[in-house]
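Here come two complexes built around chain A, the first alongside chain B, the second alongside chain C.
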Partner chain A sequence: MLGVASDPGDGASVSGAGALVPFLPEARGPVVYPLHHGLKPPIARVAISWARGNSLRVSFFRRASGDGSDGDEVGGKVLEVRLNNGDGDISDAQLRRVAYGSVSPFAVLQSRRNSVASLSKISSPYHVEWWEYVMDYSKDINSLLGNPKSLPSPAIEDPQAVLQKVEEPTCLKAAWELMEVFYADKLSQAWLPERLVDWLTDYDSLLSSTQATIHLKVVDFQKELVTLQVIEDNTKYWEVISSALAVGWLDVVVKMLRLHGSYLLDQIGNRETENGLVEAVAVLISKMPRMRPALESGKLGECYKAKPDFIKAWEKWRAQITKLESSAFWVHCDHHRTREGLRNMLQIMLGNINSLCTATCHWIELYISHFLYIRPFTVGLESMYSLAKKCMQLKPMTSSHTLIGLVIGILGDNTEVVLAECSRSFGPWMVAHALELLTAGSDEAETLLQEERYNLGGISIEELHRLVYAQVLSLDALTWQLAPIYLTSCMKQGMGLLEILLSKQPVQHTQILLKIIEICRIYELDSISSNIMKIAGVYHWKHGRKGSGVFWLQQARDEVRLNRIALQLFDSVGQSISDESFKQWEGLIELLGSDSKTAGGLEFLRKYRDFKKSLKQVNDGKTTDVAQQAVESLISLMKNPSTPQRFWLPLLYDSLKLLSWQERPLLNVSQTNLLLNKVQELSMARLRPDFIEAELPPQALGGVRLALATNLGRAILEEK
Partner chain B sequence: MAITGGAFPERPQIHRLPQPHYIDAVRWLPQLSAFDRFAVLALSSPSPPQIYSLDPQTLTLAPQSSWAPPSRVSSLRTSRTQTHQPLIAAGTVSGSLHVIFANAVDASMESELSVPEKDLHAGPVSCVDVMDGAAECVSVGEDGRVNLVSVSGSRLGVRRVFDSEGLVSYTAAKWASPTEFVTGGYGFGLQWWDQRRPGGAVSQFKANWAQGTTSGIVHSIDIHPSRKHTCLAGGSLGTVFAWDIRWQQQPIILSGIGTGATHSACESEVWEVQYDRYSKSTNIGNISSSRILPAMICSEDGILAVVEQDEEPIELLAEPCAINSFDIDRENPSEVICSLEWESVVILTRP
Partner chain C sequence: MEKSLVTLERGTVCSAWNYCGQRLATGSDDGTLTIFDSRDPASSCSFTCTSKSRVHETSIVKVVWVPPEYGDAVACVCMDGTVSLWEEVVEDAQPLQWKLCKSFKSNSAKVLDIQFGISSTSLKMVAAYSEGHVKVYELLDSLELKNWQLQAEFQNVIESVSTFSKALCLSASISWNPQRGESQESSFVLGFNSDTPQLNSSKVWEFDQAHQRWLPVAELALPEDKSDQVYAVAWATNIGRPYEVIAVATRKGIAIWHLGLDPDADGRLSVEKVAMLSSHEGEVWQMEWDMSGMTLATTGNDGVVRLWQSNLNGIWHEQASFEPSS
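Moving on, here comes the complex of A and B:
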């Protein structure tokens, strides 16, 4: 669909009832970039300089305070601001939206590739051609790049609005569509010239940025239209009409022809012949045979699917034009400009090369006019390329445009050039995704892009560009989660880089940490996941969040670190696990759970708590049953190898009451012997230089030994 | 796997609203009138963090008013005061807490009270919850502190209920009654607190199905006003369970892998859980009090679903990216707003 981009700049000049060019209601104001530097005022200095590309580097400096009162406050900050030049350029947020949206189509295509590869040995009757999958993918991606046909049409159609209101198209979309036409859409190969006509209709406006185009001509004329009294006296009117005709904007041409003064009711009487000629041309134009399956509504021409039918219609149509050309009515047409203008149009339709050259502004427009009026059957890249070269000579471009390089690369069948142009003009996103179209294009391109190369470290061009794109994604905190999709599609180095990417993510925030672990789970990277949990565990531990630290180390099953931190934890336990602060420890002990394997050396804490609890009950109530329970806890603690040696004496000292229980001895002979052995071991250990003495009265050990000895005697008597 | 739309003959209407910002949290603002609808979005990078009030009446979210917190918002709640003024409570990653009062007519933000960082938590605020009809908040953090913050005049009064000094970290909180609240944390642990019995949690629950590495973290808690004894929690590994304090250590599992649940709505982190007050046929009064009411969950693997005890989950939304938070409109429970990882908001209107 041909359209004029909404142009807010000219709103004031053509306002009111005569508005011909649709425009956006609000004028484009100055662009404001809010910066969040997060520094406390006062800011002493701001420096601005250029950074890479169209980015500004803004540096904020705080005034250095002499007294050092604000301690850890940073002295300044440097921010990069990316400037968008407003028109045509795509904002970061939009680019991210495209990046998000392209993940699913890409992933679907990769999984289809895998299933096709596994099925290729079995010949299936329901075989779907690969390009059909690529076409689905291409359509999904294309829809992300904006839909220029989405603006609602006004309720009352302006009869003088020649062009329809559309959203500004982007070069990215134009490039994608071009590649789709040439590489993915095998159905359209038969009517490729008409696809190119449509493409130029949609995107000629983009070329206006660097040179004169027919689109620009039409837009300019539309602005003048309101001031013209007798439209057919204006040379520009005929110029614009023939230009629009040359590139096949038939609906625009017919609409403009019907603005001709001879249609006015007060003039139709004395300009009957003239009006007849204008209408005859308009009818001929709207009946133009087109070699294509269908046309959009509102577009003119008659469609033919089969070549013989088309040739027949084409010959008939040309015969009608020739007949009109040699008609006697021209003599009776008094209006000179009309006569000349219409005859020039007939020449264009008959494919007069001089008329076409005059009517078009640059070689692509001339090229398109060739397809329409001279060589509608051009097939094969080779003949298309030689025709393009001829047009370039006839109508060279004044300056280069990003899209033109791509067009030449595609027509020249040069995959490397196409890839280079995509990379240069549209960046890593385009290359990574367009590769799917290129490999679908031809077997040669597929081999070229997928063969492993020694100079790339054994990877293919395809993999290289996916890795580059994944790298770009992983640099942004908002998009790094997309990178795994692309990395896992890389056979050689993808998984290695994915492991690095995941290992390098910050683990401070639990939510992000969990997102990383989830990605590890999806790709079955258990060792990475457990490493990350270890890092998180140590991080939380070091920042005083002991519970979280223990949890993550438990999840990672890191017994070594759990045992090590257990020793540190016991230091604070010795002092603080009094009856009052039990509540604080309760939660941590609950967290440790009953599974001794995941608790490591910390299992001691749980047993110690149980022992302390029953000891407290003994002190409160003094029933023998409770005391017996406390003794069981004590024995299990002393038996357990994870009980640190330095706790032995305090434990025994705390249980003196149990050891010398009045009613009956609570420990049997073997239990007492066990404890006595521990006391002996302890006495030996005290001689070692690294022994840590418990904070107990000096006679504690003696007291315990005496109590044990007494108990042993009583127990022996009891058992007899 | 979840069946799609089993109980709803008509699919909900889904409106996707891409935003140019990452959305940390999203809430409906209590409805002011029948015509105006407002939602609060806590936005973050690359823009400075802001809370926007947006009007989804036309389903084109337009900024209504904004307020810039000192750092990213880590927890967001909305409620209303006794005088029916809408109230927004936000905890930040730097540890500050902010209470914002909105205008009852046009939802513009009128006044803000805050507790500065370090006074409340060392490190981020994990969760805040506002008591219904009273401007009283409970805030918990990974630093192991449990605070009550109440509005007194034009100031915020802070009272520390408990400080585990990092031995236990709390990740979720929810009021059960004017004196009781529940917190959740690591190891699928839940703690029941009663202000009348200070000094620590009154009751503790730890998932004892958690063996080996199947343990996880509670991310969100909800308590139904008519079932104050039952606490609903959602967390890691798609786990959704209910803890009835009358049957101390016996959880009722609604969903989750590795929990022995018959159905599982999702396999990854359940970021948020809320009782789903929207149901067409069943009346809450008819459901036996031992049966858990239907609940809505959102998850890291992009699922928004309604889970019910011993029934197939009903999937409302399956996205290719995480659904980080959602909110069911209290006055009009057919409307759900949720925020996606990929910088967009989705509004669901159920038939």
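Moving on, here comes the complex of A and C:
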């Protein structure tokens, strides 16, 4: 499936090559992976075969030493290599859940696209409300990726727990939210910087895997907290506070400030000024104006929806900070660390670049602090990108992280890079679904992704990625049934791939067969469906289940094979009518049902069966009425053009009793003439070299002819 | 990333998976045909040996599955150049067994490669022989694999005037056009590794329904490369491209060809070589396209498995490789 199906022992992962997406714009060398077959060398030969989806099966054959002296009985190994990749921090089962969950939002969005396109005369379906649909979709997908805020808060709050406990976030979700912010959520464009502040609050912890982060600092300090006696004497306390302030974790900051020793009851008397200053800073922080419609409960700041109101409040707030900064109370603050710490915080709030640089750990944190304290009005991708570049120079990252490439791609407005990063880091699921966000982002991106390309065989990038994802889905017996949803959203090649996918399912398993037939019915793939039923029919026929075999061949309307089977049945039943095998094939004919008009040969068999039944009753000593019925069956059989000629004589021979019925002639003149003509035809046919002689006594024909002649005489007399 | 599916016995030299990847047939140097099955459709990880029988005196060198429309059957190409068809059937009251349906014997020439193709009406088998001949057999009875008719015999040359009687071929490679449309004529590509330059280059053969004969409709070699010995050919699945893609491996590397869909006035198809990939440092053993026809997997003398793809700009490159280690 989507995840890296890796052996936990060797830790090898296929990320990178796995996506098998031929689109990385920059030329990169092939990724080399080891394949452990565990065989003793030398290997004589390697064979390959693609299995369903994009898993590759590799056979290794050892070169056998002539004398067999090495004593190794193992001559080779067959390995399956799964060429899919995905986000390493998500399990297979979880990704499967995501795959199942994302089908419905995806299908709904596609059907909305179709209806919007058919309603509007404008060529582009993306009129005003389109992004709202995309936003619905994005929210549905996002909720599948986990909810970091879902953990219930404990009943009794630990006063020293500065960080809220949350579910472990995933890079996949972080990436999705980032794209949602930039591409889909047009409502929040006005307060994009604040959205980024929130994003970093949720996901700074992810970056800790590769470098120092403020989150890591806070977590470490949290551990130390219980052992600290006089917290304000600790330099780390002030460091952590200013770092958290720099990236806008105001609730954390205020909570930590209130741990300050001057709040203790026994100290408040002699540290009144100090405590006043701490509280003043805490109040200022909690009153910070925020350019956003609302804040989650527990988060601090004052929200302003309209820009003019915000600017006014911002300037007022800054004036208050400046006032506090230059206040005379600082002189009376005896505690050196507190004084310095608080003043540093004021510098951060005033947007002092040096203080911000010191307080932050990497460029994204510095970037966020710019939005908070230096340039809260930054708008437009271009200025955001230049700001990002500046921050990267000031505070480069110590090592790369999967999310960073994506961030840079988005800020740089480079759709191809975004796509490449999505594919490289998060795999085909992400790309196939994120494309909806990207195409909603801008007209340029839409054109780029939906333009048909000759080099891709006439499909667009969007279609390519859906095809790739469908292939990944079809890899797994548990998910292949989802693939049709994605394939049918592909205009050009989806149906072609769907046909191949369906043709590669093991049809000997009835449940799978029924599922395939159902899919074929939905998507009107009649020829595939009949071919698959044909395969099933042949399979059952050849494996001794003749009834199922005939049933499926009938479903497939495979005239050629059914006629062939009919011939085979004739061979087994035609030798003599009194054959004991009657019961065996009678059941088979019963199975065919009465509505099977598909094969003339089988039609004959059914009539033949009816005839045999009444003949049997006649032999059991039943009345003239029954005998009359048997004659009707005989005539209808002999009239039917599908009755093979070689059956004529055995049929007539078996009916001798009817032809010379004691009480009265059962055949009228015209019926007798018909049969006599057939006998005549038979005599002529006997002269031809290809005539098949029935296994009957040599005088059979003569006997029949005599009986018919006698009957004719009696019938003529009767009719007179 | 990788997991082991089957452990093979000593002397196993070739293997083939059936259409849905649930059955594996292997052949060994003592002529034993072994079948492994996965009984559970939901997982393809447990394979057990369900049949093992000595089908030939000499080594089996290649196993090919017959298309499933014609039953569960394999063709075994043997070291002595014969081909035998074995089928899994239940007959009368007997239990399930693999039965010999047909044996193709040839007096002097050995069969080098065979491949099955389905035309609108019947099953066809192309066989390439060591003296440079190509034979196309047609199955007469859709329910039994016993009766085959030789439909055509020709040499792998564009101009049919000259025949090469003393050709010596080491190997051959055949690949059918995977398309199974009712309307489409059946076609395949074939190349030889021989001492006769004219036979070597890969040619695309198409059945001319009107005249009931096979015609060469394209040659996949530049004029200067026509005598290059061909190691392997592979025709890619086409799920909607306006052109066909065929890979041809020679000692110079792996060439990717585009083949036009519409014939010109002479009935020829346009060809364009779009890439020349240097690979495996020697003979290419096998090439296989994935189900979308976008990724080519190859293996060869260096024992490495390589994956090739085209990027957005139509540039082919090696996407990944897998180096075996014990």
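Here is the rule we use: the second predicted complex is superposed on the first by the 574 of 720 C-alpha atoms of A that agree within 3 Å, B and C clash if a C-alpha of one lies under 4 Å from a C-alpha of the other, contacts with A are read in each partner's own complex, and residues count from 1 in each chain.
The criterion applied here is as follows: contacts are C-beta pairs under 8 Å (C-beta built on N, C-alpha and C of every residue); 3 or more make two chains touch, one makes a residue touch a chain.
Not measured: the values here are computed from a predicted model.
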| item | value |
| --- | --- |
| Partner chain in contact with A:34 - chain B first, chain C second, else both or neither | both |
| Which superposed partner A:543 touches (first chain B, second chain C, both, neither) | both |
| Partner chain(s) touched by A:551 [first = chain B, second = chain C, both, neither] | first |
| Contacts of A:477 with chain B and chain C, given as first, second, both or neither | both |
| Partner chain in contact with A:521 - chain B first, chain C second, else both or neither | first |
| Partner chain in contact with A:93 - chain B first, chain C second, else both or neither | first |
| In the superposition, chain B vs chain C on chain A residues touched | C |
| Which superposed partner A:509 touches (first chain B, second chain C, both, neither) | both |
| Contacts of A:104 with chain B and chain C, given as first, second, both or neither | first |
| Shared chain A contacts, counted only where both chain B and chain C touch the same residue | 34, 36, 38, 477-478, 509, 543-544 |
| Residue ranges of chain B in contact with chain A within the complex | 18, 20-22, 45-49, 71, 93, 122-124, 142-144, 162-169, 171, 185-187, 189, 191, 199-201, 204, 206, 208, 210-213, 215, 217, 236, 268-269, 300-301, 320-322, 341-343 |
| Contact footprint of chain A on chain C as seen in their complex | 1-17, 19-22, 24, 26, 28-29, 41-45, 47, 68-72, 87-91, 96, 141-143, 180, 182, 237-243, 285-286, 288-292, 294-295, 297-299, 303, 305-307, 309-315, 317-326 |
| Complex contacts: residues of chain A adjacent to chain B | 34, 36, 38, 91-93, 96-97, 100, 103-104, 477-478, 481, 509-510, 514-515, 518, 521, 540, 543-548, 551, 554-555, 557, 583-588, 590-591, 593-595, 597-598 |
| Sites on chain A touched by chain C in the complex | 4-7, 10, 12-14, 16-17, 20, 22-25, 27, 30-41, 43-54, 56-62, 64, 68, 72-83, 453-459, 461, 467-468, 471, 474, 477-478, 492-493, 495-497, 499-501, 503-507, 509, 511-512, 527, 531, 534-535, 538-539, 541-544, 560-561, 564-565, 568 |
